[in-house]
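I have a structure here, written as structure tokens, and I will follow up with some questions on it.
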Amino acid sequence: MATSPFAEQRAGTTRLFNFDLPFIKKTDQPLPEQADISPIHRVLDIASGSGEWAIATAQAYPHMQIVGIDNDATMVESARAQAKARGVDNVHFTLMNPFQTLDMPDGSFDLVNARFITGFIPAEAWPQVLQEFLRVTRPGGCIRLTEGELPISSNPAFANIGGMISQALFTTGRSFSPEGRLLSSTPALQRLLQDAGCQDTRQVVSITNFSAGMEAHADLSQDFSRTYRLVQPFLLKAGVTTQEEIEQLYQQMQGEIHSDDFGAVGFYLTVWGKKP
Amino acid sequence: METYDPAKTKNWYILGDSSTEGVHLIEQDVNFNTSMGGLLPEQSQEPLSLISHVLDVACGPGGWALELGQAHAHMQVTGIDISANMIEYANAQARASGLDNVSFKVGNITEPLDFSDASFDLVNARHIEEVIPVTAFPPLFQELFRITRRGGIIRITGSEWGVTNSFAYETLMRQLLRASRIAGLDFSADGRNIGIAPWLRRFLRDVGCVNIQERPSFLDFSAGALQQSGGYRDLTLAFELMQPFLVGVGVVAPQEFEELKQRLSVEMLEDSFRGIVYTLTAWGQKP
Amino acid sequence: MEQPSSWRELLKSIISDPAERERIANEIGVRSITLTRWITGESTPRPHNLRQLLHALPKQHRDLLSSLLGEEHIDLTDTVASEPPDEIDYQFVRQVFEARATTSSNLLFWTLCRKVVLHALRRLDPERIGMAITVVQCMPASSEGKVRSLRERMGLGTPPWEGDLEHKAIFLGAESLAGYAVAKCRQGVVNELRESTAFLPAYQVEYEVSALAHPLLYANRVAGCLLLSSTEPNYFLSSARLSLIADYAQLIALAFTPEQFVPVEQIELQLMPTVERQRELFATFQQRIIVVMKEALNTNRLITRIEAEQLVWQQLEEELIHISTLAR
């Protein structure tokens, strides 16, 4: 059963990381590594959440039709409202569980995009989830995965909360790490795609430096403030911290994030492959 | 180095400076030249022809400097390292290749550098994390800044060693990080990773560089990946040579270490093994 | 034709004709890929290369190139690139002895071979024309006390050979140049593998045009040989070069322990199957290692990877000899 770490709150499929959004905001390039986007018309965005990526992509590439699916009704509503408010009409959001059998015909899409979904599903569920993604991709089309590791930070409270998340994901079977130090999902992606049947797989690495003073700092520090608050019930339930400890750490983290001293970098890997 | 005794040797390098390590580093240089996409992959062609004096700090056996001098005959490349053994080896390699534009000398980067102001067009430092105490970085960068000419480039590369799914690797990694913390070599805020990545840009900025840029790269040494065998040799050897450090600092007992090493060999060869090293290069100009 | 704005652009247009590219490369004495690298900026030609390039061009291109180089202030005057010395300098030999004295035994072979082969590669192929150097070792004797094959133990190369040749290691037998050198305890050279008039046994592997094998000796016994391959014909001709290679072989011999040297009477090499056939069998190599090491872990024995590999190599030798026998 796919439940996000945030399911306890009404925050639905809030993802842990959005390392790619600052780059997209700055460059209007949601698919920077793809050599030729002209044959891509129909795109499926997995666990579209607040809809940011889907809307940005629809805006950047008017010739595409983007479908975002999510199993949280509030999120879907909110994404629709966003799209409407921004006047973007080539994107549609549908209520659907992205990690089970998809209510879509075979070969419906040229590109299936899944960003930062580590944590939404158990590690062993990836193969069958990817199978489904592949089914709804047309032959010659592409599955594109983007995953990151924990941000690497010079500030202890921020780093510690990240570490707790990693530990909690490990104890709940969602991590690829043998004992929870990091998420370890990025090295697994290429082979997962190949095992699912994809060919011509490729990998590209990126970083976002969201330290104090960097362009990405404003957006991502807000993002992390939010997600690191919403994730607390999950951490408590997983038994990696106490109410008192996490509250104190969170306060400390807020101080760190807004200081001149804040340093953090997120590495993320985009891996894609073609359906033969 | 059989025992880890940095106070005595003024050498914090955790893998020691044996011949084995010299050969290991040559290979590691080749691995990373490949994964990074070249010796100076982020610099475009034009500036390269304007670069004539290059310094490589903590150059080890000189792999990078030698390759650079070989590829660009117009450059005068100097390498410095604290280890006389490494420098001797590097000079032997340079002589063997007949490279008269590459030279090496002993130098301690935790002390003021024996070069005049504005001597170099490009100063390079790769993988100096876990080599000197973290407190030595700010003064080092000041020295690097001093010896770079105006308009010249300071370039630093660091790696976050190993995201893997191997139990032995992860255990050894945790021990390494604990030991690094004790030895004052660890940048990590919470002991989960090497932690150098957010500091690269910061050191350049703090010292006064402008036009600072960053470029990531990665080395995939998973089963079936192109660099699997290179990565396998690099990392198994690195952990092997780290034994005096880990045991000396007291984070692991010799017997347990032997078992972990053996387990590591097996796990890294399994078809299920996955591993990536993330690398970051940052560079900036002296205004 | 548009005026080229840089010397690289001019060179690019000149060598867009493959015949012209070959001609110029031959005349200057570099490989044609080197010319391409100069154009992309991946490497920069030495001043004496540029002088040679000017000479190799027809007049109208020569004048244009000369003025473009002048515009870019490229210095053509320097002393000729210093020739590497004819002997291995003693500093390095000292380092090898030092390594032999201080390296722990499980790392000794790898460290010494690596160190010497790296040095040899730099000395013998500084311009990266294309060379592979491999250390070949006698397999342990059979139950009848005979060495039946040799194994390529470690190797390094410059392009077209990829850096590390370990994954290309094969068994060599009576049909090979290495086999000849070991069985006769004598240096063997074939300077043109493409012609079938070689007197010595040898077969050509990919890229190889000339080859040399030099036995590794101690107290009149042999442990294997040093095997060199070059992409150039007649690379192993000058006596100075041959004697330098002999010196390197002496250094490599230091990587072996005395017990690894066998009397030549024990050498009775078999014919080994083709490279392709061998590689088919090697596909199972990793699995076999894992099986051996896991067995050891399960029975609480400590076995190093090196030891596991030895066992697997012996298994493979047995199977290959069997295949070879059946084929006849």
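Read from first to last, the chains carry the letters A, B and C; within each, the first residue is number 1.
Keep in mind that, in the parts below, a contact is a pair of C-beta atoms (placed from the backbone, for glycine too) under 8 Å apart; a residue touches a chain by one contact, two chains touch by 3 or more.
It should be emphasised that the depicted structure is a prediction, and the values quoted were computed from it without experimental measurement.
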{"item": "From subunit A, the most remote chain by mean C-alpha position", "value": "C"}
{"item": "Nearest-to-centre chain - CA centroid comparison", "value": "B"}
{"item": "Cα-centroid distance, subunit B relative to subunit C, in whole angstrom", "value": "28"}
{"item": "Where subunit A and subunit C are represented by their mean Cα positions, the distance between them in whole Å", "value": "48"}
{"item": "For subunit A paired with subunit B, centre-to-centre distance based on mean C-alpha positions, whole Å", "value": "32"}
{"item": "Contact footprint of subunit B on subunit C as seen in their complex", "value": "40-47, 72, 75, 81-85, 89, 91-92, 95, 98-99, 102-104, 107, 110-112, 114-115, 118-120, 122-123, 126, 128, 163-164, 166-167, 286, 289-290, 293-294, 297, 302-305"}
{"item": "Parts of subunit B lying in touch with subunit C, wherever the complex brings them together", "value": "18-20, 22-23, 26-27, 30, 38, 45, 48-49, 70-75, 85, 88-89, 91-93, 95-100, 229-230, 233, 236, 240, 258-259, 262-263, 265-266, 269-271"}
{"item": "List of subunit B residues in touch with subunit A within their complex", "value": "160, 163-167, 170-171, 173-174, 187-190, 192-193, 195, 197-199, 201-202, 214, 216-218, 220, 222-225, 274-276, 278, 280"}
{"item": "Residue ranges of subunit A in contact with subunit B within the complex", "value": "149-150, 152-156, 158-160, 162-163, 166, 176-179, 181-184, 186-188, 190-191, 203, 205-207, 209, 211, 263-265, 267, 269"}
